[in-house]
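For reference, the structures are reproduced in the following blocks.
Each of the two complexes below includes subunit A, the first together with subunit B, the second together with subunit C.
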Partner chain A sequence: MPKSGIDDFAHIAIDPSGRIRVQIGTAAAGQGHATATAQIAAAELGVRVEDVDVIDRVDTEVTPWTITTGSYASRFSIVVAAAVRRAAVKLNAQIRAIAAHALDTTPDRLELADGAVHFKERSNRSLSLRQLAGMVQWNRGEFPLHANIQLHVSESYSAPNLASPDAENRVNAAVTYGFMADAALVAIDPRTCLPRVLRYAAVHDVGRAINPQLIRGQMAGGIVHGVAGALYEHCDYDDSGQMLTASFMDYLCPTSAETPRIFVDHHNVPSPFTELGTKGAGENSAMSAPAAIASAVEDALAATGAHIDELPITPGTIWRLLHEAAS
Partner chain B sequence: MPIVAPAESAPGPGPDFPHTTGRVEDARLLAGRGRYIDDLPVGPGTVHAAILRSPHAHALVRRIDLAPALRSTGVVAAYGGRDIAAVLDAFPTIVRKAPPYRAVATDRVRYVGEPVAVVLARDRYAAEDGIAGIDIDYAALPAVVDPDLACRPDAPLLNDESGSNVVWRQQYRYGDPAGAFDAAARVVSLSLTFPKYNSTPLETYGVIAEYLPESDGYQVHSNFQGPFSLLPVMARALRVPENRLRVIVSQDIGGSFGVKAMIYPYMALIAASARLSGRPVKWIEDRAEHLLASSSGTDRKSTLEAAVGSDGCIHAIRVNIRENVGAYLRAPEPSCVMRSLTTFCGPYRIEHGEIDACCVLTNKLPTGLNRGYGGQQHIFSLERLVDRVAAEMDVDPIEVRRRNFLKREDLPYRTTTGSYYDSGDYVGCLDKLRAAVEREAWQAERQRLRDQGHLAGIGFATGIHSAASNIGYVTLALPPDDRRRANYNAQVRDR
Partner chain C sequence: MKPAAFQYLAPRSEDELIAILREHGGEARLLAGGQSLVPMMNFRIVSPAVLVDINRIRELAFLNLNEAGIELGALTRHVALEDSAHVKARFSLLAEAIRHVAHRAVRNRGTMGGSLALAYPGAELPLIFVTLGAELRLRSPAGERWLPVASFITGALETALAESEYIASALIPHVPSGAGSAFIEVSRRHGDFALAAAAAVVGLDESGRIHIVQAAVTGGTDVPLRLSATEQALRGAQPSDVIFDEAARAGIDAIEVVGDHHYPVGYRRMLLATVLQRALAAAASRVESGHVH
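Moving on, here comes the complex of A and B:
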């Protein structure tokens, strides 16, 4: 069967106390999806971030899920975030419709701000979300029976421009394409041949940042992951197939001591194809740092004319390159 | 007044996001109130699993004696590969030539750390004692770990049936690469080696599984990160429809980075053990198991050629990829190659390309997702090539990138491979980076280091960060005719 697409869902509700509750299912592992989700919902519903509870849970018997559900391929800020935003926009409309009935007006004259429904034109009449939720929960009989009065909505988001590959093996393989420009400054101790990344700079295009602090965290982590691939981490085997790196004594996971001084900035061009203008931010320099560091080591060894065409770059490799050049 | 919510779409990017400090997740986690897989309560009668793993990189399993384990104090059950195979098939894959990949080896092991038996006991200590007693008679076979050596005709074969360790190979041609190479002022080439590495999250794999005889189904708690396209892969191997495999992801996961997608064989193994034993089974991977036998990214050998004009503009590239997927090609591989295939041109206007890619089996840990998934391999290749073009054409590495970049006004841009680049300002982004490096006086720092006797250097790299994958890209692994066939799905090979 041909395959294509990517989609996910969000469910959003006001509980009887007027708090917003958003349910997503991302199988997150520390990325801060709940925080970003709360920000998106808060922005659309005129409440504070701390007034939004986010439940991020996957249980295939209870929560909605799709074949593409999960935390991979930097998809949250594009797919799940869009579903959250759509659900919040829909709930916003629903809230205004209910409030319009209670305030004897029309929804288009209302807006949500500061945890309440207000008239767009100045008026001292307003309805807090708590009052509104309470009315619907406790006094449902006052509302017309046929009316669509729900304080919870579900929305899904399916990304545009995605089809299955054509007969010439052409396919748009992702929803959006960000950009990374990275630089590394490397120093090598001439006696031990030990390379160190002293500084690392990364300027990326993430389209639009939902939460710059979370993205800085992703980029710092991505840079260290890339430093690991360039200089340290290696699942190494001898010729008989025995693993030589089966403990942290030998598998060199970089620590804070191996972490360079990091400079991070953005040069964002919002995506015209994604709901929020966002692009991906999760993989970032984990992909580009190995190349930048190899380039820096080659520059450091420029006098020898050596090429860095193999990773990881170990002191042994550098020693060999220096001695080949000398002889 | 009738109450009808106006049908409003969400045009435009929407309001600004409110600023927030810290994360809403933090208070709970910092107070020690996280709920990770190992924190979950387990039901009465739960037993704990320990897994015996192969010490051999390549060997026949001639005989397995589980009796000593069963006599060990506290042991409830012990299963070899054939016992597990009674309720768990090999995992399906879209590559027909791939040898069956099972959660537990049956008659042959192909990497150090491959599961060969599982012991269930009243606690993990008793289970570990149990596996220590299992006696296995192996007949060692020659091993191969280097993908190029594995491709040679005299290489030890991991899969006797196919007669080759090359389990998958496809060639892709976009535009007119031959014409571009004929017209090139210069051809720049290089050969590269990218290493196998992992991501070592703080928390290792964990599974708590139960068989539900009333529905002939399974309930599996795990710190699985998705993609849930792997759920049908597990369900097929467990011989149940998808709705009879309830997967519950633990509320908190202590880092995933891709490696926690590859927990799926263990989810199926622990579920199968639960079925065989009639008991809920819990297994928490230890760190040694994680480093030896969880998953890693691929190592890649590649050769590249660029057809370069006299102005340093790259018009075409040829890429030959030998991707080492370890001892088995398991889902979602060979997507490691596919992920960056349609962005082979990176941020550059390279409109002709030829990619000859294969996946090679060797006696190493099988591979899977690792943050970037193919991106780091490809960006390393392309950026090393661009640096080499700069050196050979005697152009500054930043200048050569600027010349080759797609320009802001070129976007949206349909690459020759069909990818649709949405927006961006690559020149502006690189200029901003260069300005930052100048502001921070890196050149002066490099000179100071050199004056002190160090070797010091500055390097650059740029790259495309594709995001939110189209699941269709995975099917590029198949020839177009197979892709279109309605009945071509991943198959269970050896039921």
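Moving on, here comes the complex of A and C:
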């Protein structure tokens, strides 16, 4: 069976106490999907971010899933965020339709703000989401028999520029592309051969930023992972295949002490291909930092004519390069 | 992983400990801070039949500064050295090195006795002890003996500790009055065991010539080593970057150094000479600037 992942879903509901609950199909590992989801839903539903609960856990026994369910490929801000927004827009319409029955008006005269349904024109009549949810929960009989009074909706979003694999099993898996430019300042002590990243600067284009603070965290994390790949982390085996770096004493993850001063800036241009103008921020400097750092090491060792084509760059590697150049 | 099954004993005094060692001897391991032993048990690198937890033996945890030097109980935690104003004032070499032992969380639990009994080649405390000529007081059901740390550590992770013997305390002689000291370490990450470390004590006579010098290194050597070739080359010499560099190289050339694929022996030697030269130069400059013991 050919495989393609072009969409994702969001399920959104008001619980009986009036809180908003959103369920999504990614499982974040610290990226802040729940926060970003709450921001998008809150904006469309006229509630505070703290009034939104987000379930970003996947259990294939009880939650919907597809081949693309999960957290990877920068999918969250492209397809999941779009599905969240669409579901919130749909729930907004549904809330106004139900409230119109209770307020004896039509949905188009209503709007959502400050956790309540208000008349667009000046009026002292309004209905809080808590009151509305309570009425639907406890007294369905107040509403017309055949009206849709459900306070939960689902929506999905399918990226328009993705498709199934072609006859040769080729597929475009990227809706849009983020861009970045990185610069690393690396010092090498010639008498210890220890490389140290002193400063690291990165400029990113993530399209429209849903939450700049979360994105800065992603960038910093990506840069430290990049430092790890460039200088420290290594799956090392001896000649008999025994792993030599099987514990965190030997598999060196950089700590705060090895982290350079980081400068992050943005030059964001909204994507024309995505619903929210987002481009994805998760696959960031983790990919460019190893190249930038290796280039900086090469530059520091320019006198030796060294060419770095293997990571991580260890003190032993640098010693060999200096040693070979000297002899 | 989890450790293999073991019997757990927790004596409350040295008398109780000696009774336990008389009974269990070679099948017992002593648990002090547990910062190395517990991971080693979890990886099943060691699987003692009897684990003797000495943390309740209060008489093993002390820090006494006296005329002979500083006496430390085996159970004295690294933080006790790190936080002691007396150690900072009179044993700045020890205070400087102790901050390189892993991280504060490890130093909260790690002990002097544990560090010496493990005898890890890149460890800081054994290096300082060897540099200053410290001795250990070893006790067992058979009695008590004193052993210089340089004789106690016999190889990488190997010591002269007999089967039913334990480290009771250490005596570290004072750094000679008027001398300066320095500790220099290189490691891949902050808090790791040293790739190479050096400790140096330098004292100058009235004419400015070196008349006291104690220098030792570890890393790429199985044990921390005093460097007699370096010390000899420097005694009577006028301190300078060139003489420290030459003396450091002479000292490292005279010892056996082991390399591997990641850290070739040539790299190890360069690194050892570097930290040694830097420690000597820093110790001498502290004498000149009045930062002396």
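Everything that follows uses one rule, which is that the second predicted complex is superposed on the first by the 317 of 327 C-alpha atoms of A that agree within 3 Å, B and C clash if a C-alpha of one lies under 4 Å from a C-alpha of the other, contacts with A are read in each partner's own complex, and residues count from 1 in each chain.
Just so we're on the same page, contacts are C-beta pairs under 8 Å (C-beta built on N, C-alpha and C of every residue); 3 or more make two chains touch, one makes a residue touch a chain.
Computed from a predicted structure; not experimentally measured.
Taken together through their common subunit A, the two structures put subunit B and subunit C side by side without a clash.
Once the two complexes are overlaid on the shared chain, A:Ala28 sits against subunit B while remaining clear of subunit C. Of the two partner chains, subunit B is the only one that A:Ala292 touches; subunit C does not reach it. Touch criterion met: A:Glu258 reaches subunit C, while subunit B stays clear of it.
Once chain A of one complex is fitted onto chain A of the other, the partner contacts of A:Ser247 extend to both subunit B and subunit C. With both structures placed on the common chain, the touch criterion links A:Pro315 to subunit C but leaves subunit B unconnected.
Of the two partner chains, subunit B is the only one touched by A:Gly282; subunit C is not.
Looking at the superposition, the partner that touches the larger set of subunit A residues, subunit B or subunit C, turns out to be B.
Look at A:Ala38: by the touch rule set out above, it reaches subunit B but stays clear of subunit C. Across the superposed structures, the minimum distance from subunit B to subunit C, using CA atoms, reads 5 Å. Common to the subunit B-facing and subunit C-facing surfaces of subunit A are residues 236, 247. Interface residues of subunit A, counted against subunit C in their complex, comprise 191-194, 232, 236, 247, 249, 252, 254-255, 257-258, 314-316, 319-320, 323.
The residues of subunit C lying in touch with subunit A in their complex are 39, 43, 186, 188-192, 195, 261-264, 266-267, 270-271, 274-275.
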